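Note that the chains take the letters A, B and C in the order they are written out, and that residue 1 is the start of every chain.
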Amino acid sequence: MARAVSTQTKIGWTIAAWVVALLIFFPILYTVITSFKTEQEAIAGFDLIPSFTLQSYGEVQTQNDYIRPFTNSVIIAVGSTILALIVAIPAAWAMAFAPTKQTKNILMWMLSTKMMPAVAVLVPIYLIFLNTGLMDTRIGLVIILMLMNLPIVVWMLYTYFREIPGEILEAARMDGATLGQEIVHVLTPMAVPGIASTLLLNIILAWNEAFWTIQLTTTNAAPLSAFIASFSSPQGLFWAKLSAASTMAIAPILIMGWFSQKQLVRGLTFGAVK
Amino acid sequence: MGAITLQNVRKSFGDVEVIPGVDLEINEGEFVVFVGPSGCGKSTLLRLIAGLEDVTSGRILIDGQDVTDAGPAKRGLAMVFQSYALYPHMSVRKNIAFPLKMAKMPEAEQKARVDRAAKILNLDSYLDRRPGQLSGGQRQRVAIGRAIVREPAAFLFDEPLSNLDAALRVNMRVEISDLHNKLKTTMIYVTHDQVEAMTMADKIVVLRAGRIEQVGSPLDLYNSPANRFVGGFIGSPNMNFIEGEAARRMGAHSIGVRPEHWRMSTTEGAFPGTVGVAEHLGSDTLLHVELDSGENVIARAEGEFPVHHGDKIWLTPQDGRVYKFREDGLAA
Amino acid sequence: MATRQTQSLAKIMRAPAIILLLIWMIVPLGMTLYYSFLNYNLLNPTQTSWAGWFNYQYFYTDPAFWDSIWNTLILVLGVLCITVVGGILIALLIDKPIFGQGIVRILVISPFFVMPPVAALIWKNMIMHPSYGVFADVAQFLGMAPVDWFAQYPLFSIILIVAWQWLPFATLILLTALQSLDGEQMEAAEMDGASALSRFIYLTLPHMSRAITVVILIQTIFLLSIYAEILVTTNGGPGNASTNLTYLIYRAARLNFDIGGAAAGGIIAVVLANIVAIFLMRAVGKNLD
């Protein structure tokens, strides 16, 4: 649909689009700006130019030991995603390249587990965690988030694998490759983009998860989502400090998200929209 | 090396019986073409030979050895797929070398073989490209290259030319025939195009609904089709069939006359009719004729035959060129 | 496709994922169901007894339950309206020929990557705070009295925050659908004399209908479970004014230690979610063949 548009029209649309985009982005932008203000500046009324102090960032670390929840977030998000991939890659391979009559039903059933509201199993999971000593441990959260995201991981991989023509894998078999060689030399290199975007999207989802992290941790294993939630209490309320903590909590994932926006659509719609 | 025997091979997918039972003997060095309409089970049969599918029952022998339960890697066959099935993340060189790498052949030997194959197939200057940067014909050649480096017992081709445009198809047809003359390795070639079958095959296997209708050399099939289906399938344009009174007079349920086997006259003959569309090609003339008895037939004359739409014409089958068929379709 | 050997291998490779999810689904849900028929309070665990349907009855007759159902409904519908309509409009806007389209996309998509507690705290403190928020600054600038959003319009405030989080998702998916629209079809319609509005109604909207359905269904699944946003802003109040079903169950389990009651609420939540899920599975399932 390449069509010549007058520069004037284009400028008009550009201005409109940028105004809307900046409005939507504004809360994030303003938070980042405020994180560079002093506490006095932060509550002194609307002002887009901070004094560029790093004071709040320092305080978040010294007063709240920011490094700990950050480390927890990394371990929990990456750990649960990698664990899910280890379980999901073979399953997705089997369903994409050796489908049976049941495959479709299995996939739909996996999806249906994702629709179970978390709060419905809050009681038993909470009690299990209390009784087994998993409460406030990173391993406990890794397991829960792995199970939560497993259906999405299987689905995403499945939709990526299905785009790899079966004939290429058969060609490898004809060429004398064993199943292991077939997966290592042919399937995996072809699936790398798909596996990478699955990894990325699921780290994002796990990083931002804020129900189980709040329910199942107190201090030791609390990742950023639970840590930030604790800022809601009035005594923790300092604008610049909150902004600094928030900025640090969202920055890494925001950047990952920008890179994965294309895959996001596919992953979150289970391949229904591409 | 390269004799293949199928003994009562049957294949079902679930409840659907796709190959109800095939016996076939393929001799060493033969160029065998499986031909038949789409969906008749040609690919399935080829994949059974390749080991990409299990037989439901029956046995497959290669050079006298039972390979029925052997995986595809163990059978020593090479396959060229319709989609080419090249590895998109590997260079042309790596693609061709892949089977050698899997066989753990020494690097130097690998390189020598790849270079030799590339020379045969005119791929020398493309060895470092990726398949995505090649044209359809070049990809086809890479797929063939990957097959020949292994020096397999037999080559299996599944409609290798159907993704190419018409002109290229004719070229590649000749190249594959050439290759067979050079290598003298058994080739099994699947196509739905009877022209490919006629031009390339030593032996044609005509399939319909998973059954073998006839096996024979191209000219055998042309000259003495075993039944009406083979008669109609082999030859272009298709054989004309005439039923009813005229057939009964010749002691058959139906008779078949090939378009090129009519004698044409503007004055007299066995079957009077009217010219519909007349195609004057210079080298020959194709006439679509509606017989007075109601049938539509096609007649072909060599060179120019000066009739036009609406002209009266009389067609007479050449002597000994009438195929007679019984009610069940078998040749009478 | 595939031989017996491959098939049996496939079975082994599928098994771990299936078994894990099977356990994940059956065990906790079974326990929830069991607890929902018990009088079981963590403050008084020795007094546990069989309750029959009491927990369900209790929930059913509790005004807070109906408030929470109502709030859940308004929350879901409110956010859906804003995000779908807003998403369509913004998608149409971004799809126009504009300078810096890539950056505009990145700006618009960003809120989706902000974790719920951060999103809620940003809005609560930076934007909607009655004394220090940007809205208050704007009100002051216009000479109006600032509004205490979370006290006066608690549910609306939460809808606003959640809509901000999900607007990017709707926009991105609708934009993807929009970009797969056949340009020639549009041009043909233009040649046929269709106006911009009728092209939108008769071509663009039907083309996007599938994406819109998917947006609605997927968002609904997530919106039924809104939790952190409520926790860090209103705590469900004032009163029950911003308590949704998820939050009500959380409160029963974690603040009142009423295991039986929370379990019964959980089962009700499952039923609600399943109704939505059935529709979603149909929409997604069609795409499988």
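Here, contacts are C-beta pairs under 8 Å (C-beta built on N, C-alpha and C of every residue); 3 or more make two chains touch, one makes a residue touch a chain.
Which chain is which protein? Per UniProt: A, C = Sorbitol/mannitol transport system permease protein; B = Multiple sugar transport system ATP-binding protein.
As the structure is a prediction and not an experimental result, all values here were calculated from the model.
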**Request:** Quick one: label the inter-chain contact graph as line, ring, star, complete or other.
**Result:** complete
**Message:** Need the central chain here, defined by C-alpha centroid distance to the all-chain C-alpha centroid.
**Reply:** A
**Asked** Can you name the chain that lies farthest from chain C, using the mean of each chain's Cα atoms as its centre?
**Response** B
**Fill in**
Higher number of C-beta pairs in contact (A-B or A-C) found for A-C
**Item:** chain B-chain C separation of Cα centroids, rounded to whole Å
**Value:** 58
**Prompt:** From the C-alpha centre of chain A to that of chain B, how far is it in Å?
**Reply:** 54
**Fill in**
When centres are defined as mean Cα positions, the distance from chain A to chain C in whole Å is 16
**Asked** Residues of chain B touching 2+ other chains?
**Response** 52, 71
**Fill in**
Among all residues of chain C, those touching at least two other chains are 1-2
**Request:** State the interface residues of chain B toward chain C in the complex, per the touch definition above.
**Result:** 51-54, 71
**Complete:** Listed in rising order, chain C residues that touch chain B in their complex are 1-5
**Item:** Complex interface listing, chain A residues touching chain C
**Value:** 1, 5, 9-11, 13-14, 16-18, 20-22, 24-25, 27-28, 30-31, 34, 42-43, 45-46, 87-88, 90-91, 93-95, 97-100, 104, 106-128, 147, 150-151, 154, 166, 179, 204, 207-208, 210-211, 214-215, 224-226, 228-229, 231-232, 237, 239, 242-243, 246, 249-250, 253-254, 256-258, 261, 264-265, 268-274
**Fill in**
Within the complex, chain B is touched by chain A residues 101, 165, 167-168, 170-178, 181, 185-186, 189-190
**Complete:** Touching chain A in the complex, chain C uses residues 1-2, 6-7, 9-11, 13-14, 16-18, 20-21, 24-25, 27-29, 31-32, 35, 90, 93-94, 96-101, 103-127, 131-132, 134, 137-138, 164, 167-169, 172-173, 176-177, 180, 183-184, 186-187, 210-211, 214, 218, 221, 224-225, 227-228, 231-233, 245-246, 249-250, 253-254, 259, 262-263, 265-267, 269-270, 272-274, 276-277, 280-281, 283-285, 287-288
